[in-house]
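You will see chain A twice below: alongside chain B first, and alongside chain C after that.
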Partner chain A sequence: MSLAAKVMAGDRLALARLLTQIENEELVGLDCLSDLYPHTGRAHLVGVTGAPGTGKSTLVNRLVLHMRSVADGKEAEPATVAVVAVDPSSPFSGGAILGDRIRMRDLAGDPGVFIRSMASRGALGGLARATAGMVQALDAVGFDIILIETVGAGQAEVDIARTAHTTVVVSAPSMGDEIQAIKAGILEIADILVVNKADIPGADNTLRFLRATLQMARPMRYGRGDHIRDQMEADGVMWEPSVLATVATQGDGIESLSQEIARHRAHLRASGEWAVREGERIRSEMELLLREHLTAQFMTRQPDGRFEEALERVIARKLSPRQAIASLLEGEG
Partner chain B sequence: MSLAAKVMAGDRLALARLLTQIENEELVGLDCLSDLYPHTGRAHLVGVTGAPGTGKSTLVNRLVLHMRSVADGKEAEPATVAVVAVDPSSPFSGGAILGDRIRMRDLAGDPGVFIRSMASRGALGGLARATAGMVQALDAVGFDIILIETVGAGQAEVDIARTAHTTVVVSAPSMGDEIQAIKAGILEIADILVVNKADIPGADNTLRFLRATLQMARPMRYGRGDHIRDQMEADGVMWEPSVLATVATQGDGIESLSQEIARHRAHLRASGEWAVREGERIRSEMELLLREHLTAQFMTRQPDGRFEEALERVIARKLSPRQAIASLLEGEG
Partner chain C sequence: MTGRKLRVLIAKPGLDGHDRGAKIVARALRDAGMEVIYTGLRQTPEMIAEAALQEDVDVVGLSILSGAHMTLLPRVLELLRQQGQHDVQVMVGGIIPDEDVPRLKEMGVTAIFGPGTNTQIIVQAFIEAVGTSLARG
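And then the complex of A and B:
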């Protein structure tokens, strides 16, 4: 039985092995992923991002428990849920694995849940690519919802969150977090905003601040025609990000969050934006792959150190950048 | 006499023509730029960015007037100054040209000043590339200081500002601007922060807010070792961004700003960071050029619509992204 067949038959050990191969960019895993690709495109991909210390992991855990306890839409069964937790800032994969163990305790024995962590890797581009590959594999084997949890609020985390259909940005009451969230332009990509730890003092301020900021950002997001926007909203074409309060440790607000995520999926489907986001995501993945392949092919053809040598000559003003690139490309012919 | 020779001899009409050719990416201009490249690397490149309505243009005008009125360091002569004003949001180049005329009135007849505006172009990548080319030309002909003024605070403006040695971020008293500035991650790239219109109510709040934000951002910028940071600061290795108040319409604070810009240049030179920033800038310019060339070459070799066709097959899940790229690359061989 091939690895792909085992994985598709529901063999969890085979799935874990495949994810490791994808993470390490082993050819056998990437080939297997290509075999699985026709089965992708069904899962609802939900990015959950925000600064460290916002209680994001607890929130995700509670969300998974909740999603597993309620019927998914009109179907009798709850949705199956996979979690990919990405922590580019952690230099230790050991920590991530330990975290998994603790998480798994709550969810142990439930075959409808799968949790996988990834810690730091050399290149952040590699991390985003590995995450995309893992999500494709989990999508192919049939998980209904895939939560992609990223720690931090830098450009890399934003890029990873962007590969999702629905992006949840988690904040907590304190000036610092708000600025963190805004700084990375993260409000622009948020479909749902969550203020976790909403029971500690200052939470009202944070909620008010985020709602005011969203209000101000409205014209930037959608242009200035209020009547057009109102009409689009009424038609269900436009999504207005909501701001929800949660206390993940108590389970408060988790049900509302779960419902809001489902409501956003319904909006994407009804408005046709699901297909638009899919198309954009696949196009940029292909463009990235193509550029990487072409550049890697080129660098392989070049003798060692030839690019660095050209760079040095440009820094020394002996060649212009255009002349240097032309000479590198000519040396090929 | 070649265009390059005329430009180097100080012919302003020839320079203006060259800049237009660079803006339009005409081959003759790009070749001329390559000829001029050995003369670059001397100018101090200063990016000035911030949201619309902060009075940035007035500030830049005042700054130029001031720089032209004082001796540059120990030399008797004032520095020569060029301004490249980039407005990606403006769809009309006519507006930019009119703006130039008004600006030029203040500075008319001074051969030590050159001002050039660029309005919107189709691709923002093209705008950044055109700006870099213009700056190289102005550097080659010997301007001591080149001010690169960008309107807005999006990623494109940040990228353009980043090509400078020194980045000045201009804000004005009002909640909106602060958020604008922070949103784009612009505080992270600011070497000098200016609160212009400092005479209107609320300016103190803005100054306090920005100073507090910078204070909070310190550990993020430099890691958490306070004693190491203090030592580095004492050694002049580290630059702590300053927050200055100005009233450009009155000329208030302009001298301090000019001095702060000169102090930052001295810091870059003394700490060795000047060479580091130069090296990084040139490397990323070359990598970008290489990727663009390779991708353009590839697309030219491909029959029309072949990439789009492959994309459609991936969206339909008939091929995986890796398989699609492999088939495009194979089709070549």
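And then the complex of A and C:
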């Protein structure tokens, strides 16, 4: 049996191996992913991001437990759920400690759940691509919901947010998160905001602060008058991010969060935004691949050392980068 | 094999609540460039085997201080084999009486480290164990 056939037949070891191959960008894995591609596009991809230690993994644990205990929309069976948990690699050794599973022990033994940890491996854009590939594989084998946990700190999170249909931004009281969230522009990518650790004093302040910030951002976000916005909201055309309070350690607020995630999915479907986002995502994936491919092709066609020569001249300020590339392309003729 | 990194699982089966040693080893392995999935305390053999499968690790490192190694380890090894994970190496750290060592190795444990073993020796053993299993294909 081919790897793709094994994976589609529900062989979990084969799936795990495939995920490794995709993560390492091994050709066999990428080819297999191409075979699986027709089966993708069904899962609801949910990003869970936020500052370190805000309780994302604890929240994911509770959320999945809840999703596994209730019927999935009109289906009688609960949704099956995969989790991809990303932690940063050490910039010094390239190694990583991936500790998100510590908080997800309640999910052990459930055949409807699959958890995979991954290290960011410090590559710009690469994380998003490897993650997207792994998520596609999990989508193809039929997981209904895929939760992607990432630490909210930089560009990687924005990339992951583009991969996901729904982005949940988690913060916690009295950590200065509110400031950080805005600095990272993370409010703009949030479809749902969660203030976790609502049992800690100061949670009310954080809730108020986030609601006020969202309120302020509203007219700017859409650049329309209030009445038009209200109408669009009522028509389901526009999504207004909500702010929810949770206590992940005790399971408080989890049901509301789960419902809000489902409501966002319904909104994306009803408004046509699901298809729009999908189209944009696939377009940028194809453009990126094309860019990489053309660059690699160009490089192999260059006589040895020609690019390095041009590079030296740019470093010496004898040429500008634009001039250098123009002359390299000219030589191509 | 570009981008290939050693992936290891560090877990603490059994009921004792001391994970200091496991954490020190996890950090040493990370500092040697490995990706360490750390699952923490009180892991059942079933949880360990399931995590090893989902994470597709090369090595499973178990820290056992409780004295229950002769019940826990055979079960972990059996589950790994049942799942078809024949290449995965199992390393054990903790208090294991000398007389149990040969039997554990016979069952398939690759190496056993007593308390206070230099972490560099442990790191080296992890690297070598994976080297031989990769060579076998």
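The definition used in the following text is that the second predicted complex is superposed on the first by the 305 of 333 C-alpha atoms of A that agree within 3 Å, B and C clash if a C-alpha of one lies under 4 Å from a C-alpha of the other, contacts with A are read in each partner's own complex, and residues count from 1 in each chain.
Keep in mind that, in the parts below, a contact is a pair of C-beta atoms (placed from the backbone, for glycine too) under 8 Å apart; a residue touches a chain by one contact, two chains touch by 3 or more.
Keep in mind that this is a model prediction, so the values were computed, not measured.
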item: Chain B versus chain C as contact partner of A:Gly109, first or second or both or neither; value: second
item: Touching partner for A:Thr40 - first (chain B), second (chain C), both, neither; value: first
item: Partner chain in contact with A:Leu311 - chain B first, chain C second, else both or neither; value: first
item: Touched partner set for A:Leu290, first chain B, second chain C, both or neither; value: first
item: Chain B versus chain C as contact partner of A:Arg12, first or second or both or neither; value: second
item: Which of chain B and chain C A:Ser327 touches, first, second, both or neither; value: neither
item: Residues on chain A lying within both footprints (that of chain B and that of chain C); value: none
item: In the complex with chain A, residue positions of chain C that touch it; value: 1-5, 7, 26-27, 29-40, 43-44, 46-47, 50-51, 53-56, 83-85
item: Chain C partner contacts - residues on chain A that touch it in the complex; value: 12-13, 16-17, 19-20, 23-26, 89-90, 92-99, 101-102, 105, 108-109, 114-117, 119, 121
item: Contacting residues of chain B [partner chain A, same complex]; value: 30, 33-34, 37-41, 155, 175-176, 179, 182-185, 187-188, 213, 216, 278-279, 282-283, 285-286, 289-291, 293-295, 297-298, 307, 310-311, 314-315, 317-325, 328-329
